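Some structures to go through are shown next.
Both complexes shown next keep subunit A, but they swap its partner, so subunit B is in the first and subunit C is in the second.
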Partner chain A sequence: MVEFTLWDILRNLLFAARWTVLLSLIAFVGGSLVGLLLLIARLSTHQLLGRAVAAYVQLFQGTPLLMQLFLAYFGMAMLGAQTSVWTAATLALTLYSSAFLTEIWHGCVLSISRGQWEAGQALALGFIEQLRHIILPQAGRIAVAPTVGFLVQVVKGTALTSVIGFVELTKAGTMITNATFKPFVVYSSVALLYFLICYPISAYARSLERKLDAR
Partner chain B sequence: MAVELDFAAVLSQWPLLLLGVAWTVGLTAISASLGVLLGIVCAWVASQGPRWLRPLVASYVELIRNTPFIVQLFFIFFGLPAAGVRLSPEWASVIAMVINLGAYSAEIVRAGIQATPKGHIEAAASLALSRMQSFIFVVLPPSLQRVWPALVSQIIIVMLGSAVCGQISTPELSFAGNLIQSRNFRAFESYIVITVLYLALSMGARLLLNRLGARVFPGAHRG
Partner chain C sequence: MPADLTPAVPALTIAGLRKSFGSNEVLKGIDLTVAPGEVIAIIGKSGSGKSTLLRCVNGLETFQHGTLEVDGQALAQDNAAAMRALRQRVGMIFQSFNLFPHLTVGKNIMLAPGLVRKLPADVLLERARRLLERVGLAEKFDAYPDQLSGGQQQRVAIARALAMEPMMLLCDEITSALDPELVGEVLAVVEALAKEGMTLLMVTHEMNFARKVSDRVIFMHQGRVHEQGPPERLFADPQTAELRQFLSSLQ
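Then we have the complex of A and B:
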């Protein structure tokens, strides 16, 4: 029988960890773009649009990410699309991230006083101009810390894609366990790698928060 | 291509769905109570407990908050037996959920404790309350009241996260979905029904817990 050393296990996990990182980045960037559009829709004077975005947020925050992944996976298959776990995983995680990010940013925008909008109006700026030149620069400063903090949640969320068969860190852990019969060592290493990815981001988010508080 | 949805095939399995809902609610209720309790103990240690325990609690909180729940669950269910601790899927799920919620609620409760006005603690001391009495009767209740909305959100996050427990064959709601779709091959419909049930559960839980908060902490501005 082949003996697996700790280094063999770690090496293979590290290899898979890059997919965790890549998927996280794609979902985070995609979620930011969609989230920004949703934010604009929610802030617009269009009542129905705002309510639709609120419902969208509630839908994604009120259901398990695992179910969202399943629905993306089986839903796309049903519509006859070529389903790959890659597309299902990116689609679900992007939508999931967009819902959370738009909610976070909406809170930040709400914390900017009404007078700022009115000042923009008084200067005859349009809605998008007010947003672009007056509101978002101020709200953005408050938003950075919770946004970075949310990135941790995205990284952890990618672990669920292992269930639909996406080979990232967690799935690699399961596969290596099946080959080595060393679940204790393997899952400890998996956890350690997630920690090494997430902890610096958490710590950075916290330092940003402190800096903002100090101001 | 025409897509036909057949929800009747899923809804006819309502006893399974009901059982799944019962398990999810049960798991959440148990782990919410124990998890918040664990969080309070950890928050106590972090704010005024024995100094030597603090780094331990801090590492626990950071370790849990920076790793995915599914990995924690797999470690407990698949990893621990190698160390001689064999758990049923149900127990592994409860333990994982308690440990997970404990870490998050420790942070939340600690934030509430930090916002305690100094005067309250001094008042308690001048009434000759011991440090423990002061913590339990003076510091803790308003702290919990302050952070109750955040605790409610976290409990709901843990409930939604428990969908993963079906992967180790705990018979909760998402497991029911897996079972149903393996019987009738209606995967999409099954998961739609399950997702809608989760949505209803999370909305119901929020309503219930907010009510509970308003009752337990009278005078709370908004639960």
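Then we have the complex of A and C:
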């Protein structure tokens, strides 16, 4: 049997960490885009649309991400779609992120006073113009901290994709443990790598917040 | 008047306007015609429907019955393009200024004409500078709203509304949020606008100002125009008990 050095373990974990980062990015960017569309729908005067988005948010907030992953994976297979763990994982994480982000941003938008909307209306701006030029720039400042906080959640959330067989950091950790029988060393390394991904994000959020507060 | 001169189209015609919030009827049949260049002061107790009336004129509130015409154009509540056209003709100044805090004073003024009128940058810039000069704030172009006093902010808000070249301005208690020593500078700007022929509909608690500047005073009571007339007459000789009571409550 080959002996695994610490470097071998780290090297393999680092290799897998790429997928954690990539999956997080896709989920975050995809979730942001979908979340923005949902936000616009929710803020529109269209009653039914608003309620549909609220229900969507409740659905994703009220069920475990693990179930959403299972449902995406097995549900797609049931619908006869060619399922890969990649598509299932990105789909589930994107939808999950969109629900949380739209909810976070909706709260930020609600914290902007009605008078700002009305000033825009009185100046003949349309709904999207009010949103884009008046509301979102202000809500965006407030949204930085909770949004980045959520990005950290997403990074950690990708660990769950290991249960449908996606080989990211956590899954790689399990596989290496099975080969090396050094669970403590391996999982410590896994945890360290998660920390190394998440910490800079949080630190960046704090500095960004300070910069925005300055003006 | 020479016979061949057709009478001017009223700046504003309101007929049978009724507005409810749920089951609470707030405007109970308003009829009002405003001539171009006329300056109207709207007075009345809190809750009598003054703000709601102003907000109906530019479509910030929808109403259930009646008609409203601005410069001969009927207000069409569910026609977005028509509302956009109407709002370019009717400016509004709010009690709480509602400047955009993330934009400089200059950008506050240039935002709407740039987006709605699609004016080129040099025209926008020239217009913003001219308007700021007019309200006495030429040096504040690059300041942010939170760096200005309340009176200065309100004057910027007036400049911002004027940048759309409206034919009529709605002013809802625009000095009520100001410290007393800042009221005068804002009223001076409004008075100058009145002299230049701007049609003004202003809700105000400044009775001296209403007396001095307005052509007509409207007294609202419980969602109706209860009494109206030229300021000299209305203040000196109120006809209804409600107006007498209102005026004496101000003393």
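Just so it is clear, the second predicted complex is superposed on the first by the 205 of 215 C-alpha atoms of A that agree within 3 Å, B and C clash if a C-alpha of one lies under 4 Å from a C-alpha of the other, contacts with A are read in each partner's own complex, and residues count from 1 in each chain.
By definition in this document, a contact is a pair of C-beta atoms (placed from the backbone, for glycine too) under 8 Å apart; a residue touches a chain by one contact, two chains touch by 3 or more.
Just so it is clear, the model here is predicted, and its values are computed rather than measured.
Contacts of A:63 after superposition on the shared chain: subunit B is touched, whereas subunit C is not. Residue contacts after overlaying the shared chain place A:7 against neither subunit B nor subunit C. Considering which of subunit B and subunit C touches more of subunit A, the answer is B.
In the superposition on chain A, contact is made by A:74 with subunit B only, not with subunit C. When the two complexes are overlaid on their common chain A, residue A:121 makes contact with subunit C while staying clear of subunit B. By the touch criterion defined above, A:129 lies against subunit C but remains apart from subunit B after alignment on the C-alpha atoms of chain A.
When the shared chain is aligned, subunit B comes close enough to touch A:195, but subunit C does not. Within the complex formed with subunit A, the residues of subunit B that make contact are 1, 3, 62-63, 65-72, 74-75, 78-83, 156, 160-161, 163-164, 167, 174, 177, 187-188, 191-192, 194-195, 198-199, 202-203. Of all the residues in subunit A, the ones that touch subunit B in their complex are 58-59, 62-68, 70-71, 74-75, 77-80, 152, 155-157, 159-160, 162-163, 170, 173-174, 177, 182-184, 186-188, 190-191, 194-195, 198-199, 202. Of all residues in subunit C, only 58-60, 80, 84-85, 87-88, 90-92, 94, 96, 98-102, 111-112, 115-116, 160-161, 164 touch subunit A in the complex they form.
By the touch criterion stated above, subunit A contacts subunit C in their complex at residues 113, 115-116, 118-126, 129, 133-134, 137-138, 141.
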